[in-house]
Structure formats: C-alpha cells, structure tokens
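Handing you this structure, nothing more for now.
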Amino acid sequence: MGFTATKDKGGVMVIQVDGQLIVGNRQELKQLVQEAVDHGEKKFLVDFAKAGYIDSSGLGALVSISKKVREQGGELRLAGLNEDLRSLFELTKLDTLFAISDSAEKALIAF
Amino acid sequence: MGFTATKDKGGVMVIQVDGQLIVGNRQELKQLVQEAVDHGEKKFLVDFAKAGYIDSSGLGALVSISKKVREQGGELRLAGLNEDLRSLFELTKLDTLFAISDSAEKALIAF
Amino acid sequence: MTSPLRLVVRRTSDVDLPVEVSTRIPSVLDAVHESVEVLARHAFAGLPTSPECERLRNRLKTLLCEALANAIVYGHREDPAKFVAVRIEVETTLVRVHVTDEGPGFDPSAVRPPLDPADLEQETGRGLLMIQRLADDVSFNPQGNSICMTLRRP
Amino acid sequence: MTSPLRLVVRRTSDVDLPVEVSTRIPSVLDAVHESVEVLARHAFAGLPTSPECERLRNRLKTLLCEALANAIVYGHREDPAKFVAVRIEVETTLVRVHVTDEGPGFDPSAVRPPLDPADLEQETGRGLLMIQRLADDVSFNPQGNSICMTLRRP
C-alpha cells in the first residue's frame, strides 16, 4: 500500500498506485501531488496497473488533484484501469472528467 | 481423507491414514480391518506419516482394532507418529498398549 | 508379483456450512485499510485465487471501505471510543455484509450523488452510489444506522 | 541521466483487530470433519504455513473434533434438527473456542478417564482428558453445556 512516483524522460510525473487508493491513503496521494505542483511539475500520470481496489474517497482525491493540476496549467491523465476499476469511473460519470488511457505507455505518448 | 491399505511382501497389511483419524472416519478404519481379519490377515501396520490430526474417537478405534487383531492371534503396530500425535498416546497412556515404531520401515522389520 | 491394493475413500459429507465473521472496529479512518484486509481474508478463506474470485474480493473490499468510512465519519464523528460492528455472513451462494454504527442514522433515499456535469468536480457524495452499484442488493434498518450489502458468489 | 525517484510508503496502522468466526453445525457426526476444516480455515486465515502454525492448526482441529462430538452425542443425542453453536475468537496472542449445545450439560469434574492399566482397553472416555491437555486453558459455563478452550498463539 503506497505510491511510487517517478519522473519519466518526457518530464511526466508517473505515480503508481500500489494496491489501493482509499480513505486510508488518499491524503498521501494529495500531498504527493501538492508537493510536486509546488515544485513546478505540470504533467501527471496516475497508473492503476498495480491497484486492486479504490473507493469513493479515492475517486474524490483524484478529482481534487486533477483540479489542482489544471489550476496550475498542468495536465493529469489516468491509465492502467482494469475493467472493474474503469466501471467505477463510468458509474460516477467521472470518466467524462478524466483523460483515461489504457496503459501508461499510451498515456505518455498522449501528453 | 481416507485410508489406503496395501499388503507388503512380508504379508503385512499396511494401512496409511490420510489426513486425519477422527469421529467422522474411524468406522471406515474399523470396517477395513474387520474385513481383512475376516479374510485371514494377521499382521497390521497403521502408518500415520501422512496424518495431521486424530481425536479420542480415533484413538478408541485403534484400541478396538488392536483388540480384534490380537483376539485372532494377530499383531498390530503403529508407526510414523509425529511429536504431537505421539504425545496424544502418552497423555492417554495408550503408548503402553501399542507397539509404536518411528517409521513404517522399522515397524515392518519388527514383525 | 504385485501386491493387492485397496483404497477406501470416504464419501465427502455435503455440509453446507454458513460461517459468520465479525469484528468491532475503532472509529479511526486509519484503521479502515487494515480492517478491510483482515475481514476479507477471514471471510474469503479458502476461496480460490481465480481472477473471478479476486474480483469478488476487491468488490467486497471497496464496499467495506465505503460503509466503514460512512459509519466512522457520519455515524461516530471519528470518535475512537466508538466501535463500528461488522458482521459478514458467508454462504455458498452469497456473502452478506452488515455494517452498524451507533449514530443517529440517515435517510438513504434522500441522498443525491453529484452526477450532473456541473457537480462532477465535487470531491464527496459518491459513496452510496458506489455501494448501490457494486452490491447485488442493499438494504438499511429503519433507523438508517445499519447497512446490509449482499454479494452473489460466482 | 537517471530520473528522480520518490517513494511514499504509508505507515502501516497497527490495528490489533480481534475477529470472531462463528457457525451452527447440525448434530450429525458426519458433519464434524467438514465443519472442523471450514472453521479452521476461516479462523486461521492468513496464518503463515510454518510448521509451528501447522501444529497449532492441528491442535485446534483435534479440540474442535472432541468438543463437537460431545455436543452432538451427549448434548443432542445426534438429533440433526439441533444445532451446535461454535464461536472462535481470534486475537493476536490467543484463540478462544466456544462450543455450546442445547443439552442438559454435565459436571466435567466428575469425569474419570480410563488411565488405569486395567481400563486402557476401553474405547471411549478420553475426550475431556485430551481437551484438558491440548488446550492452554479450559472452562465451562455453570450448566456444563458450553465449553471454552483457549489456545495461546505462537
């Protein structure tokens, strides 16, 4: 349980969600992104390839960081959602709010 | 869960206890031995090398079959008891009633 | 000369044993993750590790997160001295999850999730919606402080 | 040029969550084995597969066999319509197993196991003795129809 942040060659902060994004760890994600934004980072990719489950607090955290990134003129993308995780975005209509790519590779090309 | 009976070259019925010897399957063991005794078998070895747990009903079944075998002039030995299973025989003093060998091999030599 | 082999295999008794797993969780959001993992482990002990079961397990975990967070935040205002009661009934064909708090309860039919395009940037309000869509059945006690979420097993 | 790497590892919350596993078993001796396996699986979910834990698991199974057989035979005279209630409390340092029947109960202090050399050929009467020696603690309710067996965890 945790997040791994790596800056790729194209300057994108790739944040990997390890296990779950839920009420118990969403603050860490928000903090991580806030610090990176403060540091001048503009491009963010949240990769769910290694995530098993997320809850509505986790979705809320994503809404919050995407707002923050956009306010700074940056861009946030999501990737690696399996069928079940993706359906959470659909049923909450958040799929219309986020740029979602199938894989981290595809998302990185899209930036 | 069950018993495998094999007759070895020396004419010993080797009965392997698979998993457990408890209230739920001791009748099968008693029946197996009864049939073999009726068939004229005299030498029995019950091997616990693959047994995980036994209960007092299982011990009772062993007392019963050992009596039956002895009444027919036969011999019953036990083998393959791990430390915990062996301690059950000690605390019930049944270690004084049974011929217990460390392994099936040693028991077969002792017949 | 081969030795005669006899195999006695016991009939497996078809016991359909419903098991209940229950616990009480302190009202601390930091306890949610560990509690969810422990509960899922005990409730689904022996469930195969097939992808299908893994999905069911994750669905259960999301549902538990939602219901626990609501009980802790709205039911108990994060008072660590209050405990959320969780009871999971595991049957052959379904799993029933009861989450009960000591709070005043609420009227779930009055909740409106932020589904309008104008509301999508709201951070909260999606918990019940997710519960209703992830569970195969949802019911509340009359007071509204105890939720029962049913999952059909694959 | 290496890319900067940042790792955020969350503090693991030290939740010490006592879990209870419970069920009701029909009073049929053929149901004992399956019930014991199911209960041990749920109660010890997540317990490592070390030899030490395997021994604890087997000890629990033997204890459950004894208490269930007694409840079924003496408490319920094998009436399949009567159910034996089992409740297992799993805590960090111990496991407590409660087995309760609807029978008249008995006085455990009056039981004399067949330990005399002359009595060793008796087939029965060793259940309580085994329970008392395998469990780290044993107690009964006043009526004698509910036993509590405690195991310390390694």
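In this document, chain identifiers A, B, C and D correspond to the written order of the chains, with residue numbering beginning at 1 in each.
As a convention for this text, a residue touches a chain if its C-beta (ideal position, glycine included) is under 8 Å from a C-beta of that chain, and two chains touch if they have at least 3 such contacts.
Small disclaimer: the values here were computed from a predicted structure and weren't measured.
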Path length in steps (a step moves to a chain that is touched) from chain B to chain D: 1
Most distant chain from chain D by Cα centroid: A
Chain centre separation (chain C, chain D; CA means) in Å: 25
Centre-of-Cα separation between chain C and chain B, whole angstrom: 46
Centroid spacing, where centroids are CA-atom means, of chain A and chain B in whole angstrom: 63
Sites on chain B at which at least two other chains make contact: 1, 24-25
In chain C, residues with contacts to at least two other chains: 12-13, 30-31, 33
For the chain B and chain D complex, residues of the former touching the latter: 1, 20, 22-25, 52-57, 59-61, 63-64, 67, 84, 88, 91-94, 96-97
Residue ranges of chain C touching chain D (in the complex, touch as defined): 12-13, 15, 17-26, 28, 30-31, 33-35, 38-39, 41-46, 90
Residues of chain D that touch chain B when the two form their complex: 29-33, 36, 54-55, 58-59, 61-62, 65-66, 68-69, 113, 115, 117, 120-127, 129-130, 133
